[in-house]
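Paired with chain B in one complex and with chain C in the other, chain A is shared by the two complexes that follow.
Showing the complex of A and B:
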């Protein structure tokens, strides 16, 4: 039976900073949960008027929406595309979620981050305004 | 709709000419219109981004984990 150890070297910075109650972790990750499927074109279109498509580290990136967040009430609003607005909330996870990266080339497992909060959108999308 | 039918039955020559002329104008238009419409369709369809909402949520039954499923 094969075995591998999980490397936690990246997380030293995290524990130095301590965990805030922000939606993003100190390492810059956020968990976004939507009750539904996010639909967007897989290929960047020829006429991208809104400049929603760009490239980041040789990957195609879609700017699919804007997330705004009210830290006082733990409420969040997600604008998707041009027509949808979703109301959601910031929830503390019952069991923190470890983000593991299984690297095929080096055959190593790295603990990338520990996620304590998620932003969840359960409600039906509303029209914008 | 009824009124139109009655008037068209009442006088035969006028409606036919009317529709012929209508057909003529329709035939002239399509080239420009269809091209414009096609373009409009492309732009709107290409940059459409939305959430397809699920009425509820379901968690599947837990299953065993294999080594290969972790290293996909």
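Showing the complex of A and C:
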């Protein structure tokens, strides 16, 4: 620091809210909140029988669940692994959130997206029957 | 019904943060105004500044899992959990790329100018310029001071002259109290001598008037246009694009403090005697109304009647110690007279009555509110 300007070059068309409830922003970002913790290993295990671990753009990723979203009732269901199910909802944020990316090498800050909705899971997980 | 297959990176990208976009910040972004993060130095709190507003940023931590996911198409080479997906449904793929454990919450605050390390100019230009070679002192340009001040541009410009800020030979500095007093005094006399209207002052014409007076008296003092602009900015309010109106109250307070320091700093003086001394400080033929109440916050009444100078900067910073010290100096205060000495410590913004009652006793006597120790 002492002063860093926030660049908004990527967001020229984003300051008008999208029409209707959508979990993803026009730039394809989704905010998912779980009142709990998702635990993953930091490295893929050697015995990945379910083939849940893979690579994307040279980084290790894990498939952790499936999200079903009913846009009419704003209800969402998250299946985690093969045994747990969480019931949640899509809520409009009281105050929109800006997604900032800090580039410490160039000392730049970019406002990458504006998020108006989040998918929130407040309840304890239920078993998948 | 839409279905998405969710993935997560095993190692998250930690370069992201979420910030609450309040309507004012959203409005500034929508109007394509510049927003910037500023801090005095890396150890100090960060503020967010638009052109005219400053917000302090509080980091609100939480323990929930907040994943930010981006749509990635179906490029991830991984098996899909067929049992949970109805093939007839639209299926998208989302990858969690960052996990966020906090949000930045902006709160409106007053921008502050970082002037603690600025040099003081006392009227000796050669000494000032010699000192600029001393590498241990901070000699900055005005732009640098702006960049290092947790303050929006407009707030900075509004406050710069009122704190006595000036630029001399390209270096930002503060004019000393004595130098401001001398400049104000000469400026008022010069304006009156040249019949310049004090409610429509212009920097150029005022500077010419002062320069003419100084040249005539063959004085050693050097005034620059920037110095005159600082004094005009400090004691006047803008009334046009290039004209300023002298604020008589500000001028009377300034001369009142000078009189208190001069005649009532080591001994008590009666209020009537003080008013005569106060009047004598102004330039000859300068008239303005004198109201003793404007000096609240600069005096106390040791025996309940006479007045004595008291600077808030000499008082303890702890709120209990400050009340204790004030009651040691004066056992009973009027609320209006004690308020300026304590309001700076009311950081929660309580009503002044409630704040006083936390640390002292308050009682009504007719229309007056009196404050004494418990």
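Everything below uses one rule, namely that the second predicted complex is superposed on the first by the 119 of 129 C-alpha atoms of A that agree within 3 Å, B and C clash if a C-alpha of one lies under 4 Å from a C-alpha of the other, contacts with A are read in each partner's own complex, and residues count from 1 in each chain.
Please note the rule applied: a contact is a pair of C-beta atoms (placed from the backbone, for glycine too) under 8 Å apart; a residue touches a chain by one contact, two chains touch by 3 or more.
All values reported here derive from a predicted model rather than from experimental measurement.
Engineer: In the overlay, work out which of chain B or chain C sits against more residues of chain A.
Structural biologist: Tallying touched residues of chain A, the top partner is C.
Engineer: Taking the superposition on A as described, I'd like to know which of chain B and chain C A:2 touches: first, second, both or neither.
Structural biologist: Once the two structures are laid over each other on A, A:2 reaches both partners.
Engineer: After the superposition on A, what does A:52 contact: first (chain B), second (chain C), both or neither?
Structural biologist: Both: A:52 reaches chain B and chain C.
Engineer: Quick check on the superposed pair: does A:99 touch chain B, chain C, both, or neither? Answer first, second, both or neither.
Structural biologist: second
Engineer: Have a look at where A:34 lands relative to chain B and chain C in the superposition and call it first, second, both or neither.
Structural biologist: Touch partners of A:34: chain B and chain C.
Engineer: Touching A:90, do we find chain B (first), chain C (second), both, or neither?
Structural biologist: Once the two structures are laid over each other on A, A:90 reaches no partner at all.
Engineer: Check the residue A:65 against both partner chains and state whether it touches chain B (first), chain C (second), both, or neither.
Structural biologist: Both: A:65 reaches chain B and chain C.
Engineer: Between chain B and chain C, which residues of chain A are contacted by each of them?
Structural biologist: In chain A, positions 1-2, 34-38, 40-41, 50, 52, 62, 64-65, 82, 102, 104 sit in both the chain B and chain C interfaces.
Engineer: Show me the residue ranges of chain B that touch chain A in the complex, using the header's touch definition.
Structural biologist: On the chain B side, the touching residues are 42-43, 46-54, 56-57, 67, 70-72.
Engineer: Please output the residues of chain C touching chain A within their complex, sorted ascending.
Structural biologist: Touch list, chain C to chain A: 1-11, 15-22, 25-26, 29-30, 32, 34-42, 46, 64-72, 75-81, 83-85, 94-96, 103-104, 147-148.
Engineer: Within the complex, which stretch of chain A touches chain B?
Structural biologist: 1-2, 34-41, 45-50, 52, 62, 64-65, 80-84, 86, 102, 104, 122, 124-125
Engineer: Along chain A, where are the residues that touch chain C in the complex?
Structural biologist: Of all residues in chain A, those touching chain C are 1-6, 8, 11, 15, 24, 28-38, 40-44, 50-56, 59-71, 78-79, 82, 95-104, 109, 111-112, 114-115.
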